[in-house]
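Worksheet for the structure shown next.
Order of writing sets the chain letters: A, B and C. Residues in each chain are counted from 1.
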Amino acid sequence: MSKKLSQQIAFWIFRILGVFVVGILLWILGFIIYNGIGVISFEFIFDAPRDGMLKGGIFPAIVGTFCLIVGSMIVAFPLGVMSAIYTNEYVRDGKISKFIRMMTNNLGSIPSIIFGLFGMALFVNTMSWGDSILAGSFTLGLLALPLVIRTTEEALRTVPDSLRVGSYALGASKLQTIRYVTLPAAFPNIVTGLILSVGRVSGETAPILFTVAAYFLPKLPSSVFDQVMALPYHLYVISTSGTNLEAARPMAYGTALVLITLVLIINFSASLIRKHFSKKLGGH
Amino acid sequence: MNIVETKDVNFYYGDFHALKGVSLDVVKNSVTAFIGPSGCGKSTFLRLLNRMNDLIPDMKLTGKCLINGKDIYDKRVDVDELRKKVGMVFQKPNPFPKTIFENIAYGLRVNGIKDKEFIRNRVEESLKGAALWEEVKDKLSRSAYDLSGGQQQRLCIARALAVKPDILLMDEPASALDPISTSKIEELIFTLKAEYTIVIVTHNMQQAARVSDSTGFFMLGELIEFSETRKMFLNPSKEQTQNYITGRFG
Amino acid sequence: MDKAMRHFEKELIALKGEINGMWQLVLSQLQKCKQAYVTNNIELAREVIIREKSVNSFELDIDKGCENFIALFTPVAMDLRLIISMIKISTTLERIADFADGIARHVVDDDNVASETMKEDLKIEAMFDIVISMLSDSFVALETENSKLSGTILQKDDDVDTIYEEGKRYLADYILKDPEKGECILNTFLTLRKIERIGDHCCNIVEEIVFYIDAKVLKHSKGRRSEQKIENNEPEEPK
């Protein structure tokens, strides 16, 4: 077979596979939009569920998911960013950083349901926070931690060493270098990574199952010790455990559509933010 | 007056003996160039002078290395202070992803200077010192990445000048630049000599010949010859030097 | 490039300055030598001899400057030609000064100098004047980088040669008439010969200047002088 021909064939295989992947994505998206768009209304978004969750809306679940996103961000960001700075800037090639990196990777591969159990054991029972936003946020935060550490490390690694060395050469200390050179240079990528990990966490069901999520709670939370409804769990509930599953089906598609939209908005905003900053910094 | 004095300096990276008993003195307000094949230790020696080699794990140093008469490897020496006195310009221009102004002001800010007027004056002074002011005075708030490679390198020189060092180390400062930018940098080195002591490492022998007063030739970690540049290029005293500078090397 | 002069141009100008200084010194040596010879002024002749040393040190300085310039700045094209011609010019100037020194020594040491009438018959003063003008004209040629002047300078050398040939015949006749004066005539002939050689050396300098300015090699080319003359005799374009 000639070189040209085999190249042509390979290209076509890759092209077909690529189109196939995009096709699946579009299909899922289309399927959910097609089935869910019908129930989307002002009432659906801004009202509480009624009549065995067959009527009304999903407002408490949206609010709940939002609370959990903010809560898990507060838990995961400082912890994750600082530990990434430590491993990447302070103990870069040492044994400690290798160990931390290995543990982080392991943490990342633990199934999310185990995080849920762990959260229930530690936060709900031992700390006796009960089923609460606090317990749920910590559990989700822990789940997001490996992702946050990984993306922050990646972002720090994209900052060329020449910048750090340039800063030291001017008499800047290590901390000053991190604070004024490395972090600002890595900032767009760090933020992007953080937002993506939020998007990832916001769709999780298992960790909130035992720690925060309420089956049915039309009331909005008033403190961090309250339970809340959450979109993914709500979706799970109305598709598996209702009196009339068939009747709840449109509500389920509607909820799925809202959840997907939320995640897409988050991802999209991540790329917007990156673009904004790279333009401002003159871009690398 | 000798601003740098080294006596029998040996340097090791792990097991690798990178510098072998190097002793040399650098005269104040002169340009000293180091030449030699890749891996000969000339850059290592340069980085010794502002303790940049400290960043390398497993390094070991013996011998004396004095700047202004003080041992810079003394335990009481504050490395950050040393680096303020011994500025450095690198092979590839490495401006920070900040504005032109902030790039120059950085060295002042990390050293605790807050007076805005003072900073502004020093930025202007440094840019003028690096022959860049006329080209950038109207775009100080633009990103440093908008500048050309040659301009970026002069920005890095200005950045180093802003903290008023005594010595300016240059590690192949023109090797990533086009000929015109290179000759601008060389001219700049020549004018900077009036106020600073410059030590430059270069791959380009002609460059060493053009800009320097004294030249050191390194090979395999040894300082083979260190003499006045004119003498080095007209009548080197060692055969190895002769072979290297005439291209009969290897 | 920059408005500011580049470092290496400054060095080049300094070297040119050295050459200019040497040139002026050699010119004044020639003038004094002529004066000393024509008027038999022993004091002036001594001065010429003493100052010969500074001509030599000029030559050494220029050689060293040129060596350094080549070693440090690796000049090319025009700069390279300038440096090469400077090295040669300085050597030639030194030779010219040597001849001046020789004539001065003759004035100081020898009792048997030519008589006033003999000097006049030989047109020695005129010969001196021509070679001096050749040297000063070639200086102007270098200063103004004008190779056109070379033609007239080379032409003057023919005049010097004519005077020399006539003088040689005159002295040959003289020695037949008055063999007693043999030593005096021999000395006078040597002086005549030296002046003639100065003229030749001026031509060498001009050739170097032409090499520098036009990158043309006139040396040893047949009919170089006539060629150069023809070039020069072309009517100048109206300005």
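The working rule: a residue touches a chain if its C-beta (ideal position, glycine included) is under 8 Å from a C-beta of that chain, and two chains touch if they have at least 3 such contacts.
Bear in mind that the values here come from a model prediction, so they are computed numbers and not experimental data.
> In contact with subunit B and with subunit C at once: which chains are those? Just list them.
none
> Of all the other chains, whose mean CA position lies farthest from subunit A?
Looking at centroid distances, C is the chain farthest away.
> Comparing chain centres built from Cα atoms against the global Cα centre, which chain wins on proximity?
It is chain B that sits nearest the middle.
> In angstrom, rounded to a whole number, how far apart do the mean CA points of subunit A and subunit B lie?
47
> Averaging over Cα atoms per chain, report the distance between subunit A and subunit C in Å.
The separation of the two C-alpha centroids amounts to 91 Å.
> Considering subunit A alone, which of its residues make contact with at least two other chains?
Nothing qualifies.
> Taking the complex as given, what residues does subunit A use to touch subunit B?
Touching subunit B: residues 93, 160, 162-163, 165-173, 176, 180-181, 184-185, 281-284 of subunit A.
> What part of subunit B is in contact with subunit C in the complex they form?
131, 180, 183-184, 186-187, 190, 206, 209-210, 229-230, 233-234
> Across the complex, what residues on subunit B touch subunit A?
My answer: residues 50, 52, 55, 57, 80-84, 87-88, 90, 92, 94-98, 106-107, 109-111, 142-146, 156, 159-160, 163.
> Tell me, which parts of subunit C touch subunit B in their complex?
Those in contact with subunit B are residues 1-2, 4, 6-8, 67-68, 71-74.
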